[in-house]
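First chain A sits with chain B, and in the next complex the same chain sits with chain C.
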Partner chain A sequence: MRSYYEATARERLAAIVDPGSLREILPPPTRTRSPHLQALDLPTAFDDGVITGSATLAGQPVLVAAQEGGFMGGAVGEVHGAKITGLLERAVATRVAGVILLLETGGVRLQEANAGLIAVSEIIRGICATRAAGIPVVAAIGGQYGCFGGMGIAAACCSTIVMSEEGRLGLSGPEVIETAQGVDEFDSRDRALVWRTVGGKHRYLIGDAQVLVDDRLDAFRDALAAAVRAGDRLDLAAVEREHALLARRLHDYGACKDGEDVWRAMGIEAPHEVPMLPTDVLVAAVRSRRAA
Partner chain B sequence: MEKLAFTYDGGTPADGARGARIVGVVASGNLEVLIEPLASSRACTIEIDTAAHGFGATWQAVMDDFFARHPVGGVRISINDAGATPAIVALRLDQAIEDYLRAVPA
Partner chain C sequence: MDWRDVAARLFPGGHHVVADGDLIAGTARCGDATVAVIGSTGHAEAGVEIALAMARLVLATMREHPGRPILFLVDTSGQRLRHRDELLGLNRYMAHLAKCVEVARARGHRIVALVYDQALSGGFLASGMMADLCAALPDAEIRVMGLPAMARVTRQPEERLRALAASSPVFAPGAINYVRMGAIDALWDGDLAQRLAAALRDAPNEDTRRALGLARGGRMLAAPVAARAAVE
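Let's turn to the complex of A and B:
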């Protein structure tokens, strides 16, 4: 089965939803491009870097969005963001079984400045409103560009995050931290360090990602379908549970300097071997230990 | 951005049973090719929006070669280019037209 990491956004969608079920909303012939990029005389894309639509996933009616990391690092501009926000509003209006977000993004598209920032905050509000209406919003993160910036916050607001080891999730990306704070703070070229900090395995162990899968399109598809089937409702009790978890996590691991220190504190035997373990072996070994 | 446009007549009307198709991504050194049915005409029109200025003659040659390989009519081809090389452009165009002409799966 093919790699999720290597696939384009369109290839991912085609492999994940039920064959022939995708009905694209604002498809490329509508030429729904960014007016800001045109004004700046920069290249545009006919879908502004995100594919939206309705489909079925293992027979369940869902709305889907897939960001294309290759186009401006998947960055969120005004049109791009409005497509995702509109999808979330549609989910509440039409009572679908779930919303699937295939996220691959560096966050706000800096060329669109405040319009991009507002777009990301509207997405976050849309995710919370959709979950409050009892509709799960499920994120997949497993692409080359990871999921960073404001969209890292958006991902954390989702019902479930499905990640592969290759995926990365964070706020400021590694290069941003190094630029702002210096190489002594964070060496963005140390790939092992980067993945111990923001990679899929660490995000799963520390409880930010709920499901860890192999880098296969069918593995993502099955995990996304199961997360929709599980349902979700965001209410005060759920928020309080999440806050308690975060407080416990800060208490238990707040002094750790490295992902490996966290894994050791969890009681994982041979934490230095975690990066080398196959997904199924890791998941079986840590089920009772991870912070969730 | 530089805008270019080409029109080719005399091609065989293409049967795009699956409707509009898009291939490629607007990433550095890459491009996206959107191909749609052109109901009003039997021509093959190609519109290009490219980040690389001053390569009109090269585009002309690559488009002439494409139409020689695939003399199709009744199609509108639209390209967003982020500095792809001529070889990449030719491959994407071939990919797009093959995807467009592929029969609907039974």
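Let's turn to the complex of A and C:
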């Protein structure tokens, strides 16, 4: 089965939802383009870089959105964001089993500045409202551009995050931090450092990604289907649990300087070997440790 | 703008709001209602600690004072740009605050925000932009980034962006542009106490920002595109 990382947004969707079940919402023939990119004489896309639709996933009715990293790094503009926000409202209105977000994005599309920031805010509020209505919103992160900026916040508002080792998730990207604070703060060209900080394995070990899968389309599909089946509701008990977890994390790992320090503090015996471990070995080790 | 001056104008009858470092917290009376005040000052960098502290205050309000309205006083220079905050998952701490605000809304707490100084980029997403209604003082600075930085990142001549900014609220920094686009309900001047009382009474429960942006002519596509995605 092919690589999720290498696939386009359309290829990912085609491989993840049940064959023949995808009905695209606002497909390219509707020419739903960004007016702001046109004003800057920049290339536009007829789907504005995000595919939205309804489908079934392992038989469950779902709504799906897939961001195309190949178009402006998956960045969110007014139209792109409105497609996702409208999809989330549709989810509440039609009571689907879940919403699947295949996220690959640098966050706000800076060419749309204010409109992009507001659009990201509307997505964040839409995800929270959908979950508060009892409908799970499940995110997949495993593409070349990762998931950053305000969309990193949006991802962490979801019920479940499924990641591969190749995925990256954060708020400010390494390049942004290096530009603002200097190379001593964060060397964005040090790939190993970047992966120890924002990569899929670190996010899984620390608990930000609930599921870590191999970089295979079928592995993502199975994990997303299971996460929808698990159901979800955002309520006071859920945020109370989250608060306890994040307070504990700050207490336990707040002084750590590196991903390896965090993993050591967690009790992982050979933290320097983590980057080399196959996904299934790492997942098995974490499961047995959590069970104990 | 000193938050104490803002608080004095919002709550002329006095208040019990104090600053502890960058964090502002306390209670005050607005008409017959007690309001929980949560905010930041000193152009606070939004890092993991302050996000968690603000979430704790929202949670405490839900637990101990069901239904009590919450006022966010916003002054942030954006998310903290540090390796350590990313290692700890700053996006998740911010998301936690956003989720707490959503749960408070669902449990009947009115949420109003006032940008009284700065609201830059990511620092604003989890607090002010989650509110039922977000207002700003006329001199408040709200933006993603300045035009010179945007010119560099987008590789567009700054003069061109400046010309576009003159005709479109999309590119230009400033609270008034966020009003035109619907993200800020109104600029508050004059009697702030009266403004707050009206906001606590009238703030909508639904996200009306797209509709406002359309009605005000500042954001013409978000509302119709979202509506089509929702029903077509």
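In this text, the second predicted complex is superposed on the first by the 287 of 292 C-alpha atoms of A that agree within 3 Å, B and C clash if a C-alpha of one lies under 4 Å from a C-alpha of the other, contacts with A are read in each partner's own complex, and residues count from 1 in each chain.
Methods note: a residue touches a chain if its C-beta (ideal position, glycine included) is under 8 Å from a C-beta of that chain, and two chains touch if they have at least 3 such contacts.
Remember, it's a predicted structure, so these values are computed and weren't measured experimentally.
Trainee: Once the two structures are overlaid on chain A, check if chain B and chain C clash or fit side by side.
Mentor: fit
Trainee: So in the superposed three-chain picture, is A:G70 touching just chain B, just chain C, both, or none of them (first/second/both/neither)?
Mentor: After superposition on chain A, A:G70 lies in contact with chain B alone.
Trainee: Which partner reaches more residues of chain A, chain B or chain C?
Mentor: Per-residue touch count on chain A favours C.
Trainee: In the superposed arrangement, which partner chain does A:T44 touch: chain B (first), chain C (second), both, or neither?
Mentor: first
Trainee: Look at A:R10 in the shared chain and tell me whether it touches chain B only, chain C only, both, or neither; answer first, second, both or neither.
Mentor: Only chain B; A:R10 stays clear of chain C.
Trainee: Would you check which partner chain A:R264 touches, where first means chain B only, second means chain C only, and both and neither mean what they say?
Mentor: Neither partner.
Trainee: Put down the vertex angle at chain A formed with chain B and chain C, C-alpha centres only, nearest 10°.
Mentor: One gets 110 degrees for this angle.
Trainee: Touch test for A:P27: chain B only (first), chain C only (second), both, or neither?
Mentor: first
Trainee: Looking at chain B versus chain C in the superposed three-chain picture, what is their shortest Cα distance in Å?
Mentor: 14
Trainee: Please output the residues of chain C touching chain A within their complex, sorted ascending.
Mentor: Against chain A, chain C makes touches at 48-49, 52, 55-56, 59, 62-63, 79, 81-96, 98-103, 106-107, 121-122, 124-126, 129-130, 143-145, 150, 153-154, 156, 160, 164, 168-173, 177-178, 181-183, 207, 209-210, 213, 219-223, 225-232.
Trainee: Going by the contact rule at the top, pick out the chain A residues touching chain B in the complex.
Mentor: 8, 10, 27-29, 31, 41-47, 49, 68, 70-71
Trainee: Which chain B residues qualify as touching chain A in the complex?
Mentor: Touching chain A from chain B are residues 1, 20, 22, 25-27, 30, 32, 34, 36, 49, 51, 78, 80-82.
Trainee: Where on chain A is chain C touching in the complex?
Mentor: That would be residues 25-26, 32, 35-36, 39-40, 52, 78-79, 81-87, 89-90, 93, 108, 110-122, 124-126, 128-129, 131-132, 149-150, 152-157, 169-172, 174, 176-177, 180-181, 185-186, 197-198, 202-203, 206, 208, 234-236, 238-240, 242-243, 246-247, 249-250, 253-254, 256-259, 262 of chain A.
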